[in-house]
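In what follows, a single structure is set out as structure tokens and then discussed.
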């Protein structure tokens, strides 16, 4: 499937761009991360600490091990710091 | 001693006036209440339910059984309902 | 660091001008005359002139020390206040939100049952009745 | 019942005009850029366009149902905000003060660690560093 992947904050900086279109058959966000981390050194650096990676699937916060389904958009980002 | 006694809210209404000057040797607010309650039917009605009487001695909230000392002003009123 | 008792309405935005400069967190509470059943026309609030402002100020200082407030403000009205009108406000400023929230909460619990104000409800037909103290307010104060 | 994300500053008094009519208790929280050590020039806030407003609205509705809020408002800025500038606000209205306080408190705990915003500190010398999430914020959320 074709998925739009978005990055925010320092993960965006490490990857080097805010979004990209990828082809994937990943079953979970965590499996998608493994594929993305292999794309470049920047990607690897962005995902180096799995403990801090947060994820939204089609703009809904989602656990990294939840079924990915057929999303249009998957976003990865560090823990939020709003308010 | 001479003490200015003040009443508020429905205790003021029952007594019939907002303040009066009394001569007393009461040792505590509770002893002063006993003297005041004997002054009139209105006073008796104001102090009929001792459980709801609150007191300030020289404008500081005070327990009914605390020593009265030599105050200038003693106020009696029902439980406060501010805010 | 302001405690004020007044008959006139207050304006929240005017009260907040210059309030808490340098703080990271500002909390305000405003109490308004609520019409529960459609019968209420106004509240009439009596207070203890002389004692009230001093008591408010003392308690503001207590809250500031206890919760590390960098600024605080208490404004409470007396006299007749129609349904929908503002009764009182507190504002607190602190470095972090927990202090500001707790400071405002504490001030409100105190105001409800220790500040020398008494409310009377004036119905549309002109009849009046004193508001009874709520046990819940006394309980709330025991939290602190 | 308003959730808004914007670059421009907001004005608390303008936000509160007509807010919570009929309620007895109104609470507001305002977050401001605090200068701790004198080195900070501004915050720069990134967000997730598309997701952010929907997430704020969902959570406002959740809080309204849970705490019985008759009105609520969330405004959060993004982009560059200088020291002393307002970052965000929430307002809650309810019949009684406990609901209004708890609703605002709950919304803030959620915003701190679940709303898609990321803060970067811009120092006076131009250097920038992302703000790390605080464990205390995560703990605060677990209260609810």
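By written order: A, B, C and D. Residues from 1 in each chain.
The rule we apply is simple: a contact is a pair of C-beta atoms (placed from the backbone, for glycine too) under 8 Å apart; a residue touches a chain by one contact, two chains touch by 3 or more.
As the structure is a computational prediction, the values presented were derived from the model and not from experiment.
Number of steps on the shortest path from subunit B to subunit C, with steps defined by chain touch: 1.
Farthest from subunit C, judged by the mean position of CA atoms in each chain, is A. Taking each chain's centre as the mean of its C-alpha atoms, subunit B lies 48 Å from subunit D.
In terms of their C-alpha centroids, the spacing between subunit C and subunit D amounts to 24 Å.
Averaged Cα coordinates give subunit A a centre that lies 71 Å from the centre of subunit B. Residue numbers of subunit D whose C-beta contacts span two or more other chains: 31, 97, 108.
Looking at subunit A, one finds that residues 83 touch two or more other chains. On the side of subunit D, the complex with subunit A involves touching residues 31, 45-48, 50-51, 54-55, 76, 87-88, 108, 111-120, 130-133, 137.
Interface residues of subunit C, counted against subunit D in their complex, comprise 11-13, 16, 20-35, 84, 95, 97-98, 100-101, 104-105, 108, 140.
Against subunit D, the residues of subunit A that register as touching in their complex are 6, 8-10, 12, 56, 59, 61, 75, 77-83.
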